[in-house]
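Two complexes are shown next, each including chain A; its partner changes from chain B in the first to chain C in the second.
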Partner chain A sequence: MTTVTLRNLRKKFDDVVAVDGIDLDVEDGEFLVIVGPSGCGKSTTLRLLAGLESATDGRIEMDGRDVTAVEPKDRNVAMVFQNYALYPHMTGRRNITFGMKSSGDFGDEEIERRVAEAADTLDIADLLDRKPEAMSGGERQRVALGRAIVRDPDAFLMDEPLSNLDAKLRIEMRAELARLHSTLGTTTVYVTHDQTEAMTLGERVVVMNDGGIMQVDEPQRLYDFPANRFVAEFIGDPAMNMIPVDVEDGRAVHDAFEIPLPLADAGDPVAADRNGVGEESLDDGRRAVLGVRPEDFRLPDPRTDDGLPRIDATVNVREPLGDSLLLHCSIGDASCNVQAAPRTDVGAGETVSVTYDPARLHLFDAETGEAFYHSEAHVSEAERPVPASVE
Partner chain B sequence: MPALLQYAKRGVDALRRDRSTETVRGASPGTHLQLWVLVLAVVFPVAVAVIVSTKETGVVTSLGDLLPGSYAVENYREALVDYRFGRFMWNSLAMSLVIVVGKLVVSVFAAMAVVYYRIPYKDLVFLFILFTLLLPVPVRFVPLFQLMNDLGWSNTILAITVPYVASATTVFILRQHFLSIPASIVETAKLDGVGPLRFMLFVLLPMSKGVLVGVSIIMFVYAWNQYLWPLIIIDSEANQVAQVGLQLLQGDVQGGQLSWSLVMAGSTLTLLPPLLLMIVFRKPLLKTFNIQQK
Partner chain C sequence: MSTREIFDSRIESGLLLLPTLVVSVVFLYYPTAMAVRTSFFDSSFGQADEFVGLENYAALVTDSAYHSSVLLSVLFAAVVVAGVMAVSLYLTFLIHEVDTGQGVYLISVIWPYALPPAVGALVFLFIAHPTLGVLTGPIEALGVDVDWFNDGPQAFVVVALAAIWKQIGYNVIFMIAAMNNVPDTLTETARLDGVSGLRRLVSVYVPIMTPTLFFLVVINTIYAFFSTFAFVDLLTSGGPSNATNILIFDLYQEGFSFFNFGVASAKSVVLFLVVGALMLVQFRVTDEYSYYGA
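Take a look at the complex of A and B:
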């Protein structure tokens, strides 16, 4: 069982800094997902872990052992690649056993036994005698997984393993991977650009951008308490709305609206603990960006009064998504997306009255983009309004 | 010339279309006519050689002389047995095989080094390898001749093979192919602890089979057609190669008895080995040229 520790890890390619001094602890048996846009350094981080790239600076430890300069083969990690990396001229079985036979650490009987086990776990017994060209994408990836698990490595490193599969297969394989991890319990570092994969698979998720770590957290906390604008906008689809506001007298003030910012009693330990952003500062006149997710806006039932302010929004485009209706609106000079009930009768050009969930407001510093306020920490369950929307 | 290329291109396109019924109209009789003219233009000299090799004297003065004669068996027997042309063919074959194998070994290692190893100034090294292409072989003949004499290799198979075992072209083609193999395959092997030799034998070479066969054919034809260098360095008749040996089939030239039919029989014989190889291995050969285009 293995813990992985990165300390001030840096990788420079000529003039480009791919990984910029990151610190990260992967716990024993954890499924950790690294997610980020293209070029954020997530794959480079994984390759540094595998030893396929050498670090410019910093340390990589596995179980406390410094492996920064250790050869890939001596790190006892198995990697699964996006393009499967199966040897095209070898059968499934030979693909799985080739590496084991090369290392010379395993006897023939041991290899046989392990292949049978892996084939059983992954349900690939009938693929063992086929060559990759006679397998589908999902089957190839299963054989590639088989090759990774037979060696019983200390850690699995997966580099976008599902990206080449079609949508349906990807969802199946996602579940398969989750099942595999719960069976084997091997420490896994998984790189993806797909936030859905990150949220569904990861016990913890690392969000990276520009070679740095933006936030490391459990998926739901990442969604509820994003540490900065980047995480807030990257996680969640459709993305969080960002509206520039001024903070005045405990309110977020925009030309088109003013909304009160709930604040728990000062010194409430629960609030400070849940918030994760440390000391709150709703100083008057502070320039900020208000973040509201599209699903946290709602079209209220005009017959009820929940006491919340109403904001006038002009609908520009309506996008029926089946399970919901996405309205691209303008609120004053700000544009924002509102997720409404699927069959809401609203057309483009109409002005609607929108309200919001007061427990789901986020404020980010206008300059640094760091979050400094999440209203959820300040609103008790009892205070939250019952969602009501116009059907 | 561009017009000719256009014709050829159209012809090839027409042939391609021929396979699908939908566009079969594209292959008009005109296109076929053009193609036949082109094919005949290429085949004509070879056909003449084959026909002449069946004649008694082989002197062509009229169109009527271009009908096959009845001396085929006699001419070929005379060339192979009396003039020991079989011996020359055998020498050529040995030379070509040694060159092909030697080139393959050297080039595979060189390309592997250039592609998979971190060498200081690697690009410069590769550029230097390519640079040798700019130096025509005949330029090296004088110093090479001296060197072969100093080594005592004159008149041996070493003299006509060793100078040819390094090939920039082959290194280049193999390098391009190795680069087209996904990096993740190499990295998987690295993570599995597959050593370089094992990687070469069990991964790289099997994955390069087509290209290796393709370049082997090209190299074989190139080696088989060596003329100038064997002419210079080999002066014993027993060790001579077929291309030079053709000249010995001329017979009593001084006496005005130049036997064209024998020369053409020899020429036809020298054509056969490369032709057979090309027919048998035409598929990998075409694939290799595809890779070069990438």
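Take a look at the complex of A and C:
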């Protein structure tokens, strides 16, 4: 069992800094997902862990042992690649056993036993005598996983292993990976650009951008308490609405609306505990960006009064998604998306009255993009409005 | 496939084909046909050709010197092809594994290929001349008596080495391209698994490179039989005592030293058939082992 520790890890390719001094602790047996857009340094980080790239600066430790300069083969990690990296001229069985046989660390009987075990775990016994060209993408990735698990490595490193699969297969394999991890309990670092994969698979998720770590947290906390604008907009689909506002007198003020920002009594231990962000500073006149997720806007039932402000929004485009209806709206000069009930009778060009969940407001600094306020920390369960049914 | 009418008239398309057709007919098909025809005649300078049927071929069948030339050529080709492939493959692998200065190594390996064969032969003569050669001293220091002007087996080795040396560049160009086409992730997987370098070459790269390697075996075979003429001519002239008298040199002498055009033509037809038969065998055998990517 293995812990992995990165300290001030840097990697420069000529003039490009791919990984810019990151610190990260991967716990023993953890499934850690690194997610980020293309070029954010997530794959480079994984390759540094594998030893396929050498670090420009910083340390990599496995179980407290400094492995920064250790050869890939001596790190006892197994890697799974996006393009499967199966040897095309070898059968499934040869692909799985080739590395073990070449390294000479295993006896023939031991190899046989392990292959049978892995084939059983992954249900690939019938693929062992086929060559990769006679396998589907999903089958190839299963064999590649088989090759990774037979060696019983200290850690699995997975570089977008599902990205070449079609959507349906990807969901199946996702569940398979989760099951595999709970069976084996091996420390796993998984890189993906797909936030759904990150959210569903990761026990913790690392969001990276521009070679730096933006936030490390459990998936739900990442969603509920994004540390900055980047995480807020990257996690969640459709993305969080971002509306520039001024903070005045405990209210978020925009040309087209004003909404009160719930604030717990000073010294409320619950608020202090639940808030993911340090000290809040709702100073008057502070320039900020108000973040509201599309599903936290709602079209209120006109018959009831929940006491919340109403915001006028003009619908530009309606996108029926089946399970919901996404309305692209303008609120003053800001554009934002509102998720409404699926069969809501609203057409393009109409003006609708929109309200919001006061517990799900986020404020980000207009300059730095750092979050400085999450309203959820200030709203107790009792104060929350019951989600209005809109039929 | 859809047929597209690119040209309005047949004349236009015919005119565009004409240069290729003319060159092929004048320099390939006509000489080939003439060589086959001449092989059935007793033909020499200053006398009319006389039809002799298969007499020239009959002479070859009973000529023991010619038999040894055939055997010698096959042996020579085998040595050259195997040598070129092995050395080129290893050099390619070394260049492939180098991180910096690949270009320098590549150029230094390829340059002999850029020389005309005759120049290459002369350069090699300066390298290996029994008394003046640059490498002769160091080799003699190892206890070998360099004397290939008189020693048949040594002469064979020297000509073969020269032929190998000249052809490495050509092979490396193709091999490095094929090796660079092997996905990096396969190399990385092998590195993570602790597969040694040489084993990676033999068990991973070579099988994936088989289509290219097969192509090179064919090209190198043709090279060994036909294009090594200059080395024999300039280094040994077929000697000493026919130790390097391979078919291509033998038939050149028959034709242009002894002016027996009929026999020389028969010899070139036989050479053509020998190489053709070898190609056929190579295609049959290597096709089974070639991996043409999925």
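Following the convention adopted for this analysis, the second predicted complex is superposed on the first by the 390 of 391 C-alpha atoms of A that agree within 3 Å, B and C clash if a C-alpha of one lies under 4 Å from a C-alpha of the other, contacts with A are read in each partner's own complex, and residues count from 1 in each chain.
Just so we're on the same page, contacts are C-beta pairs under 8 Å (C-beta built on N, C-alpha and C of every residue); 3 or more make two chains touch, one makes a residue touch a chain.
Since the structure is predicted, the reported quantities are computational estimates derived from the model, not experimental observations.
Trainee: Overlaying on chain A: chain B and chain C, fit or clash?
Mentor: Chain B and chain C clash in the superposed model.
Trainee: Considering only touches as defined above, state whether A:Leu361 meets chain B (first), chain C (second), both or neither.
Mentor: So A:Leu361 meets neither chain B nor chain C here.
Trainee: Is A:Ala377 touching anything from chain B or chain C once the two structures are fitted on A? First, second, both or neither.
Mentor: neither
Trainee: Give one of first, second, both or neither to describe whether A:Pro132 is in contact with chain B, with chain C, with both, or with none.
Mentor: In the superposed model, A:Pro132 contacts chain C only, not chain B.
Trainee: Now for A:Ser102: first (chain B), second (chain C), both, or neither, which partner does it touch?
Mentor: Both partners, chain B and chain C.
Trainee: If you stack the two complexes on chain A, which partner ends up touching A:Ala85: first (chain B), second (chain C), both, or neither?
Mentor: A:Ala85 contacts both chain B and chain C.
Trainee: Would you check which partner chain A:Val292 touches, where first means chain B only, second means chain C only, and both and neither mean what they say?
Mentor: neither
Trainee: What part of chain A is shared between its chain B contacts and its chain C contacts?
Mentor: 50-52, 72-74, 77-79, 81, 83, 85, 87-89, 98-100, 102-103, 147, 151
Trainee: Would you pull the chain B residues touching chain A in the complex into a rising list?
Mentor: Going by the criterion above, the answer is residues 182, 184-185, 187-195, 198, 202-203, 206-207, 209.
Trainee: Which residues of chain C touch chain A in the complex?
Mentor: 183, 185-186, 188-196, 199, 203-204, 207-208, 291, 293-294
Trainee: Quick one: in the complex, what on chain A touches chain B?
Mentor: Contact set of chain A toward chain B: 50-52, 72-74, 77-79, 81-85, 87-89, 98-100, 102-103, 147, 151.
Trainee: Can you check the complex and tell me which residues of chain A touch chain C?
Mentor: 50-52, 71-74, 77-79, 81, 83, 85, 87-89, 98-100, 102-103, 105, 131-133, 147, 151
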